[in-house]
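Two complexes come next, and they have one chain in common, chain A, joined by chain B in the first and chain C in the second.
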Partner chain A sequence: MEAYLVAIGIIALIYMLLSLGLTLQYGLTGLINFGHVGFYAIGAYTSALLAMKGVPLVFSFAAAAALAALAAWPIGLISLRLRDDYFAIVTLGFSEVVRIVVTSEQWLTSGVQGIPGIPQLYGGIGGFGGQAAVFATLFAVTLIGIWMIRRIARSPFGRIIEAIRDNEEAVQALGKDPARFKIQVLVVGAALAGIAGAFYAHYITYIVPDQFIPLVTFYVWMAIIMGGVGRVSGAVVGTAILMLFLEGSRFLRDVVPGISEVNMASVRIGVVGLLLIGFIMFRPQGLMGDYTKR
Partner chain B sequence: MFYAQLIVNGLVQGLVIGLAALSITLVFGIARFPNAATGDTMTLGAYAALSTHTVTGSIVLGGAGALVAAALVSLLAYFAVFRRLAERPVVALLVASIGVAFVLRAALAVIFGHSQQVFQVPLSRPFVFGSVRVAPLDLQIAAVALASLAVVFALLYLTPIGRQMRAVADNRDLARVSGIRPGRVMVALWLLAGAVAGIAGMMLGIKTIVSPEFGWEMLLPSFTAAILGGIGSPAGAVLAGLVLGVAKEISTPVVGFTYKIALAFIIMLGVLLIRPRGLFGRVEGAR
Partner chain C sequence: MILEVRDVSKWFGGFQALDSVRLRVETGALFGLIGPNGAGKSTLFSVISGFVPADNGQILLDGRALDGLSPPARARAGMVRTFQVPREFSHLTVRENLMAAAPDQTGEGLIGLFFRPDLVRREEGAIAERVDATMQFLKLTPVADQPSGKLSGGQKKLLELGRALMVEPRLILLDEPFAGVNPVLIGEIMERIAELNSRGIGFLVIEHDLEALTRLVPHLAVMDRGKIIAEGGPDVVLDDPLVREAYLGGVS
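Coming up: the complex of A and B.
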């Protein structure tokens, strides 16, 4: 039972890191990033491949964050001067292209066969102790992430990005270049997603391109929309509900007989769709959101 | 002559992309958001055509089935979701359209299963022109696509409701004060956009293998074509679809099969960098 709870906790914290990145990008700044999973995939593959070559995990994690951030940079440069809806399309396309690249470049990623046997974070400890140590590390990293986002939100930088979200023209009129701030936010959020990806790869120890489909991006969107956009508390609550939903749907399959795994996956996609539509229509501020604002 | 063959193949592909892009550009121009449910509306069209075709054995009735089913579901999505979000920021519509896409895909997967299905069309000997071979099926598909395009353009440019749609696309407020009722225009828009996507889905289904995900995978090339053609320009979307279809086929020997989709992304970035309003877009466009 403890092992199960720790396993859930690890996955929940990985989604938490992804939600924090999106909270910074969409919640605070208003960037419609539909390609979050792309940066997550870059982080996972970078760290996994480096670790398989014998690079110490500290450096492979750092490289995962750096490469994800580096990938965000040109995307931001090209598309952040465009309208919001175009940015959404470009990032969605980016994440699909990342998946195509890891599927096709078999010499590097062994394509659809994936990379098995990725070293665990505390492989030396083994058993439950190792899992608990992974959980503790992730917990610490998540706390640092939360602290960082709160710091950013309260800094002058945070006031500017929130102003960009609320009224971009006004920020421009004050002589600030919104695109520059947006790129920085995009890069930081991508680095967070990259770290989340690295944790995922070293926890699951086996990655294939199919784990990085756009659905993952919209799991995270669902989490922050349900929890309440633009608030760290919203991201926390939303991630908790997301985990309940993902795990609950697994239990449901055990309880209700006659539902195959593929059908359950379809039902899950359908429920994600309904929740996205429902919250956007009836409760756009989310559960923890501010009632006074739209 | 090898390339001539690729161009012919690309043109047929391009007609499918062009129709999908037409659906996207109509919604983008008039309802003002990129509809991510377009791909799954195509899937719906393909399955509707597949079922009708299996029951009746007629490809024409299959097409009618795709058209009607996709148009009705698209209208339903408008009334249930998009109409109520019309005054909200574009992100609300975008996220909701992703939601609609997921719901559609889940429903289709549960109803029709995950196994890949194909249209049972008779094999036939290709026509040979010099060194270029054209399958009669491709000619039929092209004919259906061209006929649909003719109907859509006639609707847009020759009928009162088409003129009203174009007026709303140009300037919504001005259209309103000129006495155009937005409700009727939107109903016409969603029926038309759904029908076009449904036909595109059926054509793609005949060319390839139908599965619940196959429409979603057309989303990126279709968005690219819509942007390349210029948002809100029906002719641009079709032309850009053809360009993209041919470019994808010609590039295949060079970049390989899987990178065909990535090519669409590169083209999209290039267009957004160099000419964000596309070939025939309005100046206010993208920035």
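Coming up: the complex of A and C.
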């Protein structure tokens, strides 16, 4: 039981890192990033491939963050001049391009066969101890992430990105270039997603392109919408709700008769979908309240 | 001369919004621009401030051509515009709106934010003092900590003026500062503009309310269908037959 809870905890913390990035990008800045999973995938593959070549994990994690951030840079330069809705499509397209590249470039990523046997973060410590150490490390990293985003939100930088969310042209009229801020926000969010991806790869120890479908992005969106857009606490609480229902619905098969193992996966997605609809109908500002209710 | 508009033209498809517009605003002037709705006033503002590119002609600030400069670069060069429909940062408080407008903040860069916290704190203190003074001047202090989206139309206009002031410009372009403002507050806004002008800040003010504008500015130009049709003191301009035709419509 402890092992199961720690396992869920690790996945929840990984999603929390993703949610923090999206909170910065969408909640505070208003950037509709539909391609979050692309940066997550870049982080996972970067760290996994380097680790398989014997690179120490400290460096492979750093490389995961750096490469994900680096990928965000051109996306920002190209697409931040576009209107919001176009930006959403470009980022969605970007994440699909990433997935198709890792599927196709077999010499590098083994394509659909994926990369098995990725070294664990604390491979030396076997069993539950190793798991707990991963959880503790991830927990510390998430706390640093929370501290960073809160610090940003309450700073002069945070003031400008919230101003951009409210009215971009007025920011320009005051002599500030929104693109400069948006690129930084995109890069920081991508770096967080890259780190999340690295943790995921070294925890699961086996990655295939199918783990990086757009559904992951939309899980993160659900988390921040249910928690409360534009609030750090919303990202944290929303991820917890998401995990509770994603994992909790696993036990549905014990109580709901007549559903096969195969159908169960769809039922779980259905449950989370209903939950999201419920939130939008009855508590659109999310559990913690969104930025409009400060 | 702070601003010169040289033969600026702008088409939107087959419609000519601006037709060889020429305008010269002296440094520190209080210059009015009137015209009926659809005359091209707001388009001219957008072209001057760089939001809309001109098809022809040039904008010069202090004799320097602004060709190709972005709106933020033009604002930093000393010319700030406001908007006809106020564009407050609605989820930020009045105080935060004004603080956001202050130029050159170290804390607006992530590196400065995380590695120069002391400098950021000092700057914030200095900005907060300027914001307090600005709010006092514009009588916004009582609503300092309210979300700006909840202000009245007139207060939003004052906030836009305040934000522009925080940039410390030499020329402010005001787009219909009296639209949707109650008469008491109109008088208030006029006083503030006049006082700022006496301190040396130049204004180019768009209005379609003739009466209000002529009370404020000593010199104005009249636009109609994309052209400047008259320019001069209020008395001269109002007697101009072309102006009367534009306003009263088709009286020959």
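In this text, the second predicted complex is superposed on the first by the 267 of 294 C-alpha atoms of A that agree within 3 Å, B and C clash if a C-alpha of one lies under 4 Å from a C-alpha of the other, contacts with A are read in each partner's own complex, and residues count from 1 in each chain.
One rule holds in what follows: a residue touches a chain if its C-beta (ideal position, glycine included) is under 8 Å from a C-beta of that chain, and two chains touch if they have at least 3 such contacts.
Quick caveat, the model's predicted, so the values are computed rather than measured.
In the superposition on chain A, contact is made by A:Pro156 with chain C only, not with chain B.
When the shared chain is aligned, chain B comes close enough to touch A:Asp85, but chain C does not.
After overlaying the two complexes on the shared chain, residue contacts for A:Val262 are found with chain B alone; chain C is out of touch. By the document's definition of touching, of the two partners only chain B reaches A:Met281; chain C does not.
In the superposed pair of complexes, A:Glu96 makes contact with chain B only, with no contact to chain C.
After superposition on the shared chain, chain A has more residues touched by B, the comparison being chain B against chain C. By the touch criterion defined above, A:Ile32 lies against chain B but remains apart from chain C after alignment on the C-alpha atoms of chain A. Once the two complexes are laid over each other on the shared chain, residue contacts for A:Leu174 go to chain C alone; chain B is not touched. Contact residues on chain B toward chain A in their complex (touch as defined above): 33-34, 36, 81, 84-85, 88, 90-92, 94-96, 98-107, 109-110, 114, 212, 219-220, 223-224, 227, 256, 258-259, 261-262, 264-265, 268-269, 272-273, 276, 286-287. Residues 26, 30, 32, 34, 78-79, 81-86, 88-90, 92-94, 96-97, 100-101, 103-104, 215, 218, 221, 225, 262-263, 266-277, 280-281, 284 of chain A are the ones that touch chain B when the two sit in their complex. Per the touch definition, chain C reaches chain A in the complex via residues 49, 51, 70-73, 75-76, 80-83, 87-92, 96-97, 99-101, 103, 105-110, 113-114, 120, 123-124, 147, 163-164, 166-167. Those residues of chain A lying in contact with chain C across their complex are 151-152, 155-157, 159-160, 162-163, 165-167, 169-177, 181, 184, 188, 291-292, 294.
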